[in-house]
Amino acid sequence: MSFLPVVLALLAGAYLVAVLEGWVSTGRFRPAGPILSGLALLGQESLVPRTPDRIFFEAGPVLLLTSALLASAVLPLGPGVVIVDLATGALFVNAALVYVMVALVMSGWGPDAAYAMVGGFRFLGQLVGYSMPIVMVIAAVAMRAESLATTEVVESQAALWNALYQPVGFVVFMAAAMALCFLPPFDLPTAPGELAGGVVAEYTGWRLAVLRLARAVLVVTVAAAVTVFFLGGWHGPVLPPWAWSAVKTLAVAAGMLAAGRYVPRVREEHLLAWWWKLGIPLALLNIFVVGIMLVTVGG
Amino acid sequence: MISGPREARPSWLRRLVARAAARELAAFVVPGPEVARARGIDPGAAGLAIADTPRHASVLVVVGELPEGLRRAAAVAYAQMPRPRAVFAVGAENVSPLPGPDVSAALGQEDLEEGVVRLREMFAEGAFHPNAPEFDVPAIRSRTGYVCPMHPEVVREEPGQCPRCGMDLVPREAAAGEHGEGDGERDHEEAPSGEHGHAEHGAHDDMDHGGMGFMSMVEMTRDLPRSSDGLQMEWVEVPFGPLFPGLPAGLALTFTLDGDTVAEAEAERGIEGWAPLEGLSGPAETFADRLSGLDPLSPVAYRLLASRALENAAGVAPDERTGLARVGALERERAASHLNWLAGFGRLLGYSWLEERAGELQLALLWSAGPEEVARLAGEAGELARRVEWTPLLRRRLGGIGTLPAGAEASGPVARAGGSAADARRDEEAYRRLGFEPVVLRGNDALSRLRVRLAEIEQSLDLVSRAGSVSTPVVAPGGGSSGTGAATVETPRGLATLNLILEGGAVVAFEIGTPSARHLKLVKPVSEQREVADALVGIASLDLSPWEVVR
Amino acid sequence: MLLQALFAGFFGMAAVWFGVVVFRTSSMVRSALALLFSMTAVGAMFLAMEAEFLGVLQIMMMATEMAIMAIFMVMYMMDPGGLGQMDMSHQKRAAQAAGVLGALVAIGVALLTSWGPAANAAPGAAEQTRLLGIELMERSMLIFETAGVTILTAMIAATAAAIERRRR
Amino acid sequence: MITLLVALIIGALLFGIGLYGALSQTNLVMIMMGVELMLGGAMVNLVAFWRFLHPEVYAGQVFVLVVMTVMALEMAVGFGVGTARFRARGSVEMEEARELKG
Amino acid sequence: MAGEAGGCRSSGVLGVSALHQYALLFGMVLATVGFVLCLAVIARSLAATKEEGAKDVPAASGELSPEPVWVRYHVRYYGYALLFLAFDMEMAYMYPWAVVYRELGLVALLEMGVFLAILFLGLLYGWSQGALRRQ
């Protein structure tokens, strides 16, 4: 039963991501930061606005956490070290992560507050942008692996990582992954300076703690997905497989967190236009190139 | 005990939580981080995380004396913070209606840091307390009004049904001072309700349409204004200020949003209770001090303005050395002010590196001892400017945003980014001697304004090192003289003018013209029909200082 | 087998319950998201019936599609928050009768027909996806290409109807 | 076998609810929701038939894909038309549309 | 294909049937909800929320009387959303195709190429008509 080790690894990863995020955003490295802030939030009042859609307001953070956890359930940490090895794992990752959007729309609509509402609908637009390219890129990965199972996707990269085999797909996937985690520069739904917190603005206390935990889990999950789909998963010399997975996942997560510091937020208008006018054609091009390479050169 | 503890008896778990909370203080800074930086303090460096919304803060940090309007806004923000919460006053005596400050400190980084330590102790001790006083002041009292979901203009005191469509009225919050404008509205006779009550009325009826079971959407939407794509949605008024993280504090901005697009913008208001002009008149000796307190974001410029006007009235001219020292002081402030703007702009753009770096440089510049140190900072500022210039996505983000209509009245960097060489410094002897030429760019958008300011930071720092002094300008002695005086100063935001009448050593009347008062009129053209983020970027690129908007 | 029936029944009831919520709430967004979760539950039923690819696909597709439905609900419906508690239905009785009748007839058919022996095992999920792919590429190739043309038609129709070409 | 019956009953219930919704709602978008539910019921039936009667015939699964496509396309076209109507009339109420025509 | 081997075929290294895997996933959902409920209970046990004025009004930059915002919201990207609804369906066909692509080779590439080309036409049409922009 690899349930426990994977969940523990995931939580450890989320913890490290939270530490990293604190380091990146405040410049101070505080290993105990997430625990302290979790405790502090637990001791805070958790306010509920006056006329909310109470169900949505409560369900948003839970759904966000659930969808991130479910997506991580099919991502292998090592050969056989996976919670469920679904035959349609690659598709399942997507299916679970779509509910991130549902969760944010719920939290945006729930409190009947303007900033949150704008944020929620912005993320729905963001999904309309990134979701098609991400799915197409994963289709190209599946073409090479001849399977949708994540373990077989990793096995297919034993000789050559997908990041090198299909670099265009890798770039599109990385961008989409950051958009999916609403990390800067794609943090349109939460946009601190523009919407004063956006969808998370009305959450306080333990509900905010759940949201922050969910966000950290989401970042780890998506980084792990990048590792599995493009960076050869557990493959690597010397170190044991789980260590390679962990190292790659953390490196990807750190890269995603750090990159957003040095660029301004993307405009919503551009975001959509770029995904549709550049992202989708590139993803299609990627499929064709991979298709031709598979027929001619082989996997 | 802190002023906003949670109501519970301390237990081991609560003590643990309180200790954690004391380590994790998040601050909502009032008026705003930019005012804190301009006053030379940095709450972030003191260990307080800066929160974007009062909901995510546990400490309300008040920096400097606040005018009444902002104190009221601060009280609302404080009321919306989750407990445990506390008030930390930095250089502020009067914080009412907020509860008396838990910790007070003088304006200064060391005092601030020492205050944070005390605050942490108080939090660890008193985050939970068996009797927590309720925070209830008139400023935060709201009464519940009842509005029709379809007809926002229908506002009633009592629950009931809308006279126009018969829908149940829904409760909404209204501030205590506000009066429902629909209170006196005439009541319509309710038409007998029926399953298909609308069928007889058709589209010809006017507002007397009373079918309850079913109502006509056609009528509901007919009078609404149309968006650019021809769809008629409902508009909502949303406040984006006075305490909004991405904009200068005190700017009471109200957007009427059509979805996420700004249909109308309203910002023609100064800060309530700030700088009554009568209070500024008085003895000439201290007039410059008083005027320099007008705008916390550029005190030196206003001190200089007052000095010049007084000298002009008294008929004395400053010597060359004073002139140069004034150039140094004003240019240092210009560079610091632009860096401060840059930090705030970085916050709005979500460009955290820029926010931090510009803030650091601004504080270093403010604390700098003399021209040598300024010269060292000039190198770092140049480095910053180059990094910003090469930032990916920045051009796409700013280009074409915030363009001004032709003939818009502007001055300062806003005008110079639009291709005009308007700069009062060109006419000044001291500047001419230093070989000053204004930075002029074409573009007339947020990007060109950013570039002008970046170039001006370098230029100003260069001028400082050539002027060789950064001492604050000497106040001219009033000396019991009389006369009228006029002066102009190119402040960091643009041209400020002052005309005053001096009688027997006292300023009896004066008239002041400030750049932000003029630029406030530009808020509408740069923001309307723009997406929210673009509108905010356009407004922020004007670098308004609501403090200067005197009435 | 029992586990399968329990799963199918549980998610089926969830689907039905959310389906009922769709027409019982006056909040448009709730209505759209209830439909979303109803469809998700239907997807979970597919999983219970071991149609893994279809189930996961349904769970993924319907989430985005119903969320987009929520967009249009919020855009075009008055009082999308449902604060006014207004009733937006007509001919309720007849509709109820038709709904109950339709369901009863279908249930009757389901119960009375002898369906013959049920297959007690389905192919594995990986095999299913593979065979579905081969089916699409070979026997059902025309269906697949026709679907493409239909999608194209729908895209053109939707764009032509909804988008107002801006005069510049 | 029992699962087949469960699925068929659920499918029937979904269909009934959808039918009720499609008939009783006055609004284009809500009517579409009813139709979606009916199609959802149909999909449940299709999958059940595939699984329990002919698991070796993959045309059954293809059929489910086609129904899903139909759902999506119905929505796309429906919303397109809804947008056009809303732009012209400020409403997507079906009743009203009928009434305004006459 | 309907043999016993198919139904209980272990599709993973764990040697459990597909249904058990789904049960595990469902268990994870329940566990998450349970975890959140635990957090809520702990947080509640610490102290009750104090009811005060202005606390439950949505925070809006220090202003107290925000209007209700549950109104008809103008979503400006509906042009994209309409195209998305239709274009998204291509996924349903693409995944089964991707899995058998290497098995079938060039024929599959051609078939999918035609399919995608048709869809891409739709995208181009939408683009030319101005669906791909803020409305």
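Lettered A, B, C, D and E in written order, each chain numbered from 1.
By definition in this document, a residue touches a chain if its C-beta (ideal position, glycine included) is under 8 Å from a C-beta of that chain, and two chains touch if they have at least 3 such contacts.
If you want to know which protein each chain is, UniProt gives these names: C = NADH-quinone oxidoreductase subunit J; D = NADH-quinone oxidoreductase subunit K.
Every value quoted in this text rests on a predicted model; they were computed, and no experiment measured them.
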**Q.** Chain pair with the most C-beta contacts
**A.** C-D
(Q) Report the inter-centroid distance (CA atoms only) between chain B and chain E in whole Å. (A) 39
Q: Determine the centre-to-centre distance between chain A and chain E, using the mean Cα coordinates as centres, and give it in whole Å.
A: 12
Q) In whole angstrom, how far does the Cα centroid of chain B sit from the Cα centroid of chain C? A) 49
Q. At what distance in angstrom does the C-alpha mean of chain D lie from that of chain C?
A. 7
(Q) Touching at least two other chains at once: which residues of chain E meet that condition? (A) 1-2, 6, 11, 18, 46-47, 50, 55, 57, 59-61, 66, 68-75, 78, 81-89, 91-93, 95, 97-101, 103, 123, 134-135
Q: Can you tell me which residues of chain B touch two or more of the remaining chains?
A: 6, 14, 17, 53, 55, 80, 83, 128, 149, 170, 172-173, 214, 217, 220, 228-231, 233, 236, 238, 244, 259-260, 531
Q) Hey, what residues on chain D touch two or more of the other chains? A) 26, 55-56, 65, 68-69, 72-73, 75-76, 79-80, 83, 86-87, 91-92, 95
Q: All pairs of touching chains, please: list them by chain label.
A: A-B, A-C, A-E, B-C, B-D, B-E, C-D, C-E, D-E
Q) Which of the residues in chain D end up touching chain E in this complex? A) 55-56, 65, 68-69, 72-73, 75-76, 79-80, 83
Q: Under the touch definition given earlier, write down the residues of chain A that touch chain B in their complex.
A: 25-27, 33, 35-40, 42-47, 50-51, 114-115, 118, 121-122, 184-185, 187-188, 191-197, 201-205, 208, 260-270
Q. Hey, which residues of chain E end up touching chain D in the complex?
A. 1-2, 6, 78, 81-83, 85-86, 88-89, 92-93
Q: Spell out the part of chain E that touches chain A in their complex, as residue ranges.
A: 11-14, 18, 21, 24-25, 28-29, 32-33, 36, 39-40, 42-43, 46-47, 49-50, 55-61, 66, 68-70, 73, 75, 77, 80-81, 83-84, 87-88, 91, 94-95, 97-103, 105-106, 109, 112-113, 116, 120, 123, 127, 132-134
**Q.** Residues on chain D engaged by chain B in the complex (per definition of touch)
**A.** 26, 83, 86-87, 89-93, 95-96, 99-100
